[in-house]
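Heads up, the next two complexes both have subunit A, just with different partners, subunit B and then subunit C.
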Partner chain A sequence: MAERPEDLNLPNAVITRIIKEALPDGVNVSKEARRAISQAASVFVLYATSCANNFAMKAKRKTLNAGDVLAAMEEMEFERFLEPLREALEVYKKGQKGKKEVSEQKRKDKEKKVDSENDKSREEEDEEEDEERMEEEAEGEAEEEEVEN
Partner chain B sequence: MLLWTGTCSLKTPGDASVVRFFFWKLNVCVEYLFFKNEMAATVATPVTPTEHDPDRCGSEEESRGAEAEESGQPQQTGPGAAGSHSRLSKLPLARIKALMKTDPDVSLASQESVFIIAKATELFVEMIAKDALVYAQQGKRKTLQRKDLDNAIEAIDEFAFLEGTLD
Partner chain C sequence: MKMSQNTPDKDDQTSSTKKTISLPISRVRLIMKSSPDVSSINQDALFLTTKATELFVQHLALSSFNNGSGKETNSLSYSDLANTAEETETFHFLTDILPKKILARDYLKTLEQMQEEEGDF
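And now, the complex of A and B:
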């Protein structure tokens, strides 16, 4: 287990990539600077978490939610992050919705397969249903987007 | 007759990603449509014996594989990746969540909140790198050094919380 919270560092490779993409070509980063940025990032996570947690506790909630984090960003004077964060959140939420449908379908499939283990003819039906499901997913997503709009 | 099989796993935020493989030797262009979150498709096409196609496909896969290795997480490769990050967040959500849980006051955090903190951390890293670069350029250097970071932290209000926290 980590001795200190800061010992849980984020992967160096990812940090390096983010830094390199942020800086123009030809600029290098020393090992110490990279390590310091990685540490700073960990501290940032902890600070943001603590701030967000304050908002959650104020609202008498035990679970941190997205709104708490966004409020924390404002509190920490990182308002410039708010717009890009909100956009990223939208994309993320849509992705999550798609995933839920997939996992729900998988669950239904499992139940069907257990039932139809002895029934060979049903296997053919399942294959057809797979194709139908793919279409349904696409339609379902379109429907949901319409409902949202 | 040689069979070439390749696995393609590309995720884009859009509803469909189009992958085009060009087989220059045969002047054949093949297009496949992949639905969102159904990432991996195994492509098998009959190909007359050629030397270049496997190399070409191999190099494509290699570059993708190298990127996946660099990221240090198995998220971007293969069918099991389940589009959970879809190139939205480079940082591993599990690690972020573990960090968050070291705070004794934090009991539960929604998935969305973990994601937003991950994304915010990404933006933070970009921001501090760019701000530190200003100081490096002042010193006419092209390499970012620790002292540039220290200067940035001292000078910029938003980074005040970092003072005294770095080794």
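And now, the complex of A and C:
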């Protein structure tokens, strides 16, 4: 939950950069205008969320999905965003998939390594340390999963 | 060992996120969750909303600049935004937070005009 009202603002530095990139070089954007665009962006998020949520509720789903957001864009008459959004989602999904495969592969490699290390050092003192490290890693991965879902 | 194995992974993530989105997903989620009837949002929906917000910022800035008065002076002002919110159908939902600033005497003039127009009907 948002504890302070400013938590519902988007970061000014990022908003300013996006505005600068959209406009021709050298356009001066007043401070008031930047603040207004930032507020408008927050309102846009809320409006889009509420529209998307209506679609989810109609379909008796509790979780907002990509289709709901795209349908919301259409309803809000931002059809011009649909194509770039679909493209970006594809790139994003590819990235996510690649990331998962990479970490999966790493996990397997790590297990192999740890196994052989354990074989070698079964009687050695640093065995405990290895187990501790494995626990830490398992925790780290569990956290990552949560963020992704 | 843990660090060296995790670092390249994290770098990959930031570089791929950089290409697609620059606004923080966590903040967008916070705003979405502040809406009372939203229970959960899946990762793709969150990503799309974040991306859409960036497109929206670009679109609002560019439309306001192109329709605005600051083309000669190379500037974008509040009134350009307020005008866009009022004049463009898709930006109408912004009129509450982008109210047009007008002088009292101009307001009185419009009020007078409106009354005259009403009288015509």
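A few remarks follow.
Keep this in mind: the second predicted complex is superposed on the first by the 110 of 149 C-alpha atoms of A that agree within 3 Å, B and C clash if a C-alpha of one lies under 4 Å from a C-alpha of the other, contacts with A are read in each partner's own complex, and residues count from 1 in each chain.
Convention: a residue touches a chain if its C-beta (ideal position, glycine included) is under 8 Å from a C-beta of that chain, and two chains touch if they have at least 3 such contacts.
This structure is a prediction, so every number in the text was calculated from the model and none was measured.
In the three-chain model built by superposing on subunit A, subunit B clashes with subunit C.
Legend: residue contacts after superposition of the two complexes on their common chain; A:59 is shown touching neither subunit B nor subunit C. Contact with subunit C, but none with subunit B, is seen for A:106 once the two complexes are overlaid on the shared chain. When both complexes are aligned on chain A by C-alpha atoms, subunit A residues 2, 8, 10-11, 14-15, 17-19, 21-23, 26-30, 32-33, 36-37, 39-50, 52-53, 57, 62-66, 68-70, 73, 76-78, 80-81, 84-85, 88-89, 91-93, 95-96, 98-99, 102, 137 touch subunit B in the first and subunit C in the second.
Interface of subunit B with subunit A (complex): residues 13, 15, 35-38, 70-73, 82-84, 86, 88-92, 95-96, 98-100, 102-103, 105-113, 115-117, 119-130, 132-133, 136, 142-146, 148-149, 153, 157-159, 161-162, 165-167.
On subunit A, the positions that touch subunit B within their shared complex are 2, 5-6, 8, 10-15, 17-19, 21-23, 26-30, 32-33, 36-37, 39-50, 52-53, 57, 62-66, 68-70, 73, 76-78, 80-81, 84-85, 88-89, 91-93, 95-96, 98-99, 102, 134, 137-138, 141. Listing the residues of subunit C that touch subunit A in their complex gives 1-2, 5-6, 9, 12-13, 16-17, 19-24, 27-28, 30-35, 37-45, 47-49, 51-62, 64-65, 70, 73-78, 80-82, 85, 89-90, 93-94, 97-98. Interface residues of subunit A, counted against subunit C in their complex, comprise 1-2, 7-8, 10-11, 14-15, 17-19, 21-24, 26-30, 32-33, 36-37, 39-50, 52-53, 57, 62-66, 68-70, 73, 76-78, 80-81, 84-85, 88-89, 91-93, 95-96, 98-99, 102-103, 106, 110, 133, 136-137, 140, 148-149.
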